[in-house]
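The letters A, B and C name the chains in turn, as written, and every chain counts its residues from 1.
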């Protein structure tokens, strides 16, 4: 089972790296830019989480497979992708939802293993899931998409709540993890396939700041 | 007295969180966006300070009251605020100045407790005061306001200098803290009520970078 | 020799600080903004490196000469610079290339001293060289230049590869360091004087994100 989570983690890393590499391509970056955007999208969230927890050196320094995977993904995207639309389609969004679910539970798990409260674990799970994409968007000079769109971070929060609740109720860690992932995944798929989103909090811009 | 500083710290956290939530509202973000902007504005400066000092896990992980306060503030802003102009007015700026003063002294204090030099303590105090707002502005795709406007960071630096000087002169820590806070507060209020600002350093943009 | 590397490090710090201060001037920031941009450009890369490695408190907290140098540089730029074009010219770019070369090798060296693999050391060297400029650009609301232009990060990567390869081949650390610096410097100079750059990875923007 832990092997399954590890494999899912690597799969999520590749999917997130592809999403970063495509963003770089849209801004006509050079190969280094593609590598950087692939990297921050894939491991940015976990890196900030580890720095905040004090889990240093951060995870990809001790296990360099993440770095190799990102470099390989960036190279393949540059060489093979000509028509990004296929990769922005539904199937890619479903893969991204799967990555999001895994990252969320892994992030919450790591926080708990550092002795944090369940509240902080939910936050850290969400941060692991969404912060890489936020950094990618800031580097691309965009307001992070996750701050204004459909059910995305909400799915992480809900999955995190499910996960820590299941643990608190005494479920085996493996079942709690699967439950948390399913919660995030299902809710995110609802967002993707229905286009549902949370109502925006909209204020008028003041005339003078 | 330490109770006073702690209460002031929580008050400052709420004020900064409101300022972040309002920025999110101006960009029509969803509730998660409001939460994130409220959070980075309120605890972003202290988080970066702690990561740089190596004071990990950072402060809001061990004391989760900050997280609850931010979540509550974000929820109340979404539910209650319809007319942001009242919250951008003078009274709010005065409350913000008070938060700035507390954050500055607390940040300098924490740095000194980690054995840094007075110079670094002044920097860390200023960082605690202003960096949350800088991250908020970057997420909103704006050049951080604090880098170009009135007496804001300057007030932190002056308050920090007062604080570490008072300590060096042998004053009781409590009096030094009050002096540092008053210094920041008064100077910031001067900025608010007179509109005074430092002269800008303006270069022509080169035709070609 | 270690004295030479230390002197080169301080020289690089000044050059990078000037580049940050000039960026602040182009956006008409106040003196605090100039200080912040000079600082993040000069020590931002090393700060992120140290936070990721867990080398806290970060380097400029224990050795404050970097902070004094940055403050002095920012003050001198404000007082003396009227015509930034002279400082954006070829000579300044050569000085910047020199700083880049030193920062790269120092960053890789520090990573290795924390027991990382050569791959991570190359990454950390590159990060030390380029991330300060990336943060500067983000604060100026620009897509980081290094992600799309000429041979810049590429020079860091090549220099890092040379450095760790030379160490692996058993060369004395001093010679490996000089070799790594020369590699970065020469490749960067080629970029400056020929205008060569890597081919961009360009995708069409999707009609709908």
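Methods note: a contact is a pair of C-beta atoms (placed from the backbone, for glycine too) under 8 Å apart; a residue touches a chain by one contact, two chains touch by 3 or more.
Note that the structure is a prediction, hence the values are computed from the model and not measured.
For the self-contact between chain A and chain C, the two sides draw on mostly distinct residue numbers; the shared fraction is below half.
Superposing chain B on chain C by their CA atoms means rotating through 120 degrees, a value rounded to the nearest 5. With centres taken as mean Cα positions, chain C sits 29 Å from chain A.
Contact of a single residue of chain C with at least two other chains is seen at positions 51, 54, 56, 138, 141. Interface residues of chain C facing chain B in the complex, by the touch rule stated above, are 21-22, 24-34, 36-37, 47, 51, 54, 56-58, 61, 64, 67-68, 77-78, 81, 84-85, 88, 138-141, 145. For chain C in complex with chain A, the residues that touch the partner chain are 51-54, 56, 114, 116-117, 119-120, 123, 134, 138, 141-144, 146-149, 152-154, 157, 197-206, 209.
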